[in-house]
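Okay, so chain A shows up in both of these, paired with chain B first and chain C after.
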Partner chain A sequence: MLTANIDNLKAGGASERRSALLGLARRLTNKRAAPLFVLIALCVLITIANPSFIEPRNLVRIANSAAVPLTLAMGLTFIILLGSIDLSVEGSLSVAAMVVVLLAANDANTNQFGWLAVFAAIAASTVMGLATGLIQTMLRIPSFMATLGVWFIGLGISVYMLGGSAVRLMDPSIRNLALARFAGLPLGVWVALGAFAFACTIQYHTRLGRYIMAIGGGEDLAELSGVNVRRVRILAFGLAGFFFGMAGVLSAAQLGRSDAVIADGRLFAAVTAVVVGGTALTGGEGGVVNTLIGVLIVTILGNGMILLGVSPYVQQTAQGLMIIAAVALSLDRIRLQIVK
Partner chain B sequence: MKTYSDIRSFMSAGWLQGAIPPILLVVLILIIEIAAPGFLSGETLMLLLSNTAVLFILAAGVTFVILIGGIDLSIQAVASLASVILAQLLPRIGLWAFPVAILSGLVFGILSGYVHVRLKVPSFVATLATGGVVAGIALWIADGRAITIEEGGRANTAWINGTVAGIPAVVLIATLIGLVAFFAMRYTRFGRYSLAVGAGEPAALAAGINVPRTKITAFAVSGMLAAIAGTILAARLSSGSPNLANQLLLPAIAAVIVGGTAITGGLGGVARTAVGALIISIVRIGMTFVGINIFAENVVFGSVLILAVAITIDRSKIAIIK
Partner chain C sequence: MLSAHSITKSFAGVPALKGVSLEIRPNEVVGLIGENGAGKSTLMRVFAGTHQPDGGTLTRDGQPVRLRNARDGAANGIGMVFQEQSLLLNLSVAENIYLGQESQFVRFGLVDWKAMRCAARRQLDKIGVDIDVTARTSELTFAARQMVELAKALTLEETIARPLVILLDEPTSVLSGSDIEILFNRVRSLKSRASFVFVSHRLDEVLRISDRVYTMKDGEVVAEHRASDISGPELHKIMVGRGLHTAYYKEDRQLPPRDEVLVDATDLGAGDTFSHVDLKIHAGEIVGIAGVVGSGREEVTRTIGGFMSHTEGSLKIMGEAVHFRSPEQAVRRSIGYIPRERRLEGLVMFLSIAENISLADLSAVTKNGLINYHAERALATDWISRLHIKAPGPDIACRKLSGGNQQKVVLARWMTAGSRILILDHPTRGLDVGAKEEVYELVRELSRQGVAILLISDTLEETIGLSHRVIVMRDGAVTARFDAAPGNKPDQVDVVRAMV
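After this line comes the complex of A and B, so read on.
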């Protein structure tokens, strides 16, 4: 009787272990590959519905409209990997766009600093990022509140400097980011790919990247292992600001002007891309490669909805539902006892 | 160093957080009285109060969510959607457009709460997402344009723009909502539960409080009040638009925090938010008065928000500040 019981227990334990292993394997493959499968399925479905989707012209269009979101989302990925959030995306982007437009040749003043304007714009946005990091770590307030404040500070500054109107960008070499092509793709796309390569290098080959992952995985552990958490956080926000600045320059070049609404909807698209790509909001899981896939999903879905004749206004609704679905599916609920 | 830590313990004393906002409000009123005697009386006072009303209703709703330790970033979208629904339906079903618009806010508030609680999505992302969903729906319904409330519809919104015994109707509505919210917070089970959940969720759970229901109710209240604010805004401007209330998210949250409600939850209330909303309104008037560019207002509000959060936050509640 007793042995039978023990045998039963053993058998139960073994099968339980096996199913647990199976479940784990399934979960790992699911989690890793799910965004990629979604991307492929999306492409196939849209192609079936409207074959003009895979025409080279449309693919270039997709690459072009993915350039700004990709650059933005690179920056945001590092912040989300930390387990924080950066809501100041739109503020930093509009500041960078404002700086580049006002310093390069434009129709509002006589400045003509050319490419110096680009560097100034990226620098301005980087400084804003560093300031965000300082505010968050020194005043010790949650990042969503600190960046909510910085979002509107940035927006206020840029609209104020532009005087509430749209200023046109006239510098031909900066405009070439959007107009000139190399190997069939607009230069801006190459810049975005460069940003992606840079982000990959930082994440996989630098100490900063490792530290960001470590902090996201467990801030207390990272701190105990001797990581200077405060410095890494400030640097990460600065890095994010750098990417937002690049995106600001790109979007100013693409639009050929800067105005109050240049950044509208960018935060939303960037958060969707990062989250849909599979980077966990809890931090320490995912990365810039995930985000590349996420950006492609978001951009291709938008493109496909236009091809299928869906009202473009519904796009935001679709993105919102995607955020909810992706976060709900990817959250590690065991680690997350209380959700605020 | 000693004085520094003294200041610190002084700042963290609870009474001070409750006392700063009213003192600040009185100081601001005094400054305006000295700068422009008689400014805060009669017509201009009523105008100030009517302008505060919409902001206060929005902020009162968010107060409930912030008290349970969450945040609602979808209020401006919900308010805009309500304005669009009102503008679309007024010519067709008359006064019934109001309950329909307000009901939409309730529904999306419940949706936010449900996503946050049942799917365990952090509230700032959950409401960012539902805010996007709602904004998309509003754009779709309005076809991306602002809808003017025509002459026929305006007959049904006149009561909002009118006055009762010399007091604008919007001020009376805001006062009524404020009183109901105040008493709901203080004397109903839901109000007490909200404070308990905000003060310490594990303890609230252990005490047998239905935490999920309390949270969803808080989001529902926030959505409903946001929709009410949206309908009033639409009635006052005689138009509904998918981005009508976009500029109100930051001032509304700032009003809650400046009033002295802690972002960490459990501390604060609707009365404090009323004070905060008045402060924000007076600062706004003051800025136009001093000649600060209207575009720079956001810079001031953003900085004020960060400062107010830094002062009111209860750091003992969060082990790691993310």
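After this line comes the complex of A and C, so read on.
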């Protein structure tokens, strides 16, 4: 134990020296600001290729298509900051969408609970998140497996409840999230910005946010400092579920219905956004502001490729390349001895 | 103020504390010494609340207390500066100091970071260090982090009305001379407000800072002294406590080494970890390196094993100059490294004995690109009988073997790979007495076969008992060399004198 300690120390000393050398280089490029530069460069390049990119109509379109990924990615960011992963994004989202559609006015039953349906949907997703946290901490199942299971549980439940078909959402006030506008932007975008503001508050101004960073930086050390690691993990998963629920409601409102494939592709987009934004998969590094930039990069790249008439299959390939490139650039792979 | 009464604690059936009683009085510095594995750190963790004792009681100010976690320890005014530092490198200094105690800065659910930074500033001022509280902890030097740790432990003062007990677990093992002096001055000036427990195995430091010294051995407190009444060598004798058993280390089987030099290091050095090390190991010779943590002996073995590259001097393996950049290169030069954590590094536990033995050199059992299982099993069966590995057969998974037998499998692997030089890094750590003896026998047998062995070990006794020659290191330099021929082994006290 002692000797291991010394080894760590020497490693720390070496990396300190290295970081001193890299200090100047880093200040010039500033790795942490890299995603922002990528975002700006992307906007400039697309504008040059197709000036209609910066037309207000297109910008609103981008904001609108970023709303759901942003809300989702807020939740996922906290889990990745913990050093865990949440694959249940699509399961939780589809459950929330299913609940809101079936409880509000719809074409499958006679329920008309209005905004209560929205609360129920978010509550259902939050409970799923809390349950995931409990499974992970109490049964000591790695988050990868626990959330993989919850993903399919959620998907199964929602498809079963919808009876395998698409159910239309008829409640006009909920539909207004997508249809009505305030200051030129759809209400859904404002909701997503609200989610972002809420996530910022949690991360930068509460103990929960700080403890999530601490656990990501070193779970054993956080525990030694008296942090209740289990509780923080459960709360973090619950918080993620809350955001996934909001995203589910937004999705249902945007589509005007809920069906089995409402969440398809959302997990990949959310993980890409978080990682491209610069949040480390190892935890403890990055945050929701990074994720906002990541979401914008992913959305704008998608929008730009459509504007430039790139084939949808090539678009997918580009996104796949982007996520690998982002991880390759952000990780300090020299220090990572084993890759699993 | 704080006392322990017959505390017992076992890990997986292995007793670490066997009824420890000791007492910490107000405004004193209590030294706690003992060899590795004597139970010092376990006892500290019991005091801090991070380990729960199996039996016995703790009392604080005469009242029995139960500490279920670090939080309970803190609530009783017990703060710990951990051996492996407990700061989170991705957080700022202020955030680290108040981690887990943010409640006092929370207004309407939000944390007032400004107030926290001011409070952290005050804490650091109290111990008289000037560190930017907004700096990321990863940017601080190790010594500065230690000061932050101390400040963090002292924050308890604000919430706990009674005097604190601060546990310092090996705080100096990672500090340089002047930093140690700074730490000691802080401890002395804080003595009026808190009691300290100072754990170390650097005896001179313990005697310098402590008022009273407890000595632990094999999970028990064996002595208590006023620091002014005892000298370092005397204390060491108590700490180690037994005479040398010549039979235990099979000294009668210690044969003179051969003439061939397998390892020849001249003026070897690596960065600031060690320098000017001359080391020759002949075929059949066992060379032990003695030294405390931080003496550089670990780095010397890691350099020869290829885990580090040397930056000064030269290293010749079997007459050829080498400069290793990876362990793989060392393995190709027939160097085998037996790590201290067999479970983590040495063996793939769920593979069979046969699979583990052939792992380092699969070509021995491969024909036309395919693994020949028959040959692999035959090889393993051969080793099982040659090394007396106690196992039902070559197909048994290594996790089912005892520690000593696992160690033999590791050795068999390196011998199969043709290793003529073996580095034994704490080869008997965690083994029971019987298993240790088996390892000693094996080491003698390897030496008889002409293998050159570089040994670092948990106990001085073992180093001296097994080795042909003992090299002593301190602060990265060789301070003494002893011949350790059978019947003429150096005295431990002399060796220790060169170590500390």
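Some points to look at:
Everything that follows uses one rule, which is that the second predicted complex is superposed on the first by the 309 of 340 C-alpha atoms of A that agree within 3 Å, B and C clash if a C-alpha of one lies under 4 Å from a C-alpha of the other, contacts with A are read in each partner's own complex, and residues count from 1 in each chain.
Please note the rule applied: contacts are C-beta pairs under 8 Å (C-beta built on N, C-alpha and C of every residue); 3 or more make two chains touch, one makes a residue touch a chain.
Nothing here was measured: the structure is a model prediction, and the numbers come from that model.
In the overlay built on the shared chain, the residue A:214 is in contact with chain C alone; chain B does not reach it. Contact with neither chain B nor chain C is seen for A:126 once the two complexes are overlaid on the shared chain.
Once the two complexes are overlaid on the shared chain, A:77 sits clear of chain B and of chain C alike. Contacts of A:225 after superposition: chain C is touched, whereas chain B is not reached.
In the superposition on chain A, contact of A:254 is made with neither chain B nor chain C.
Once the two structures are superposed, chain B and chain C can be ranked by residues of chain A touched, with B on top. Using the contact criterion defined above for the overlaid structures, shared-chain residue A:206 touches chain C, although it does not reach chain B.
Chain A makes touch with chain B in their complex at residues 82-85, 87, 135-136, 139-146, 148-153, 155-157, 159-160, 163-164, 219-220, 268, 271, 275, 281, 283, 311, 313-321, 323-324, 327-328, 331, 333, 336, 338-340. Residue ranges on chain A touching chain C, taken from their complex, read 1-10, 12-14, 16, 19, 201, 205-207, 210, 213-214, 216-218, 221-227, 284-285. On the chain C side of its complex with chain A, the touching residues are 36, 41, 50, 69-71, 74, 80, 82-84, 86-91, 95, 99-103, 106, 109-111, 113, 139, 141-142, 152, 170, 173-174, 271-273, 293-294, 298-299, 340, 426. Residues 69-71, 115-117, 119-126, 128-137, 139-140, 143-144, 201-202, 250, 253, 263, 265, 293, 295-303, 305-306, 309-310, 313, 315, 318-322 of chain B are the ones touching chain A in the complex.
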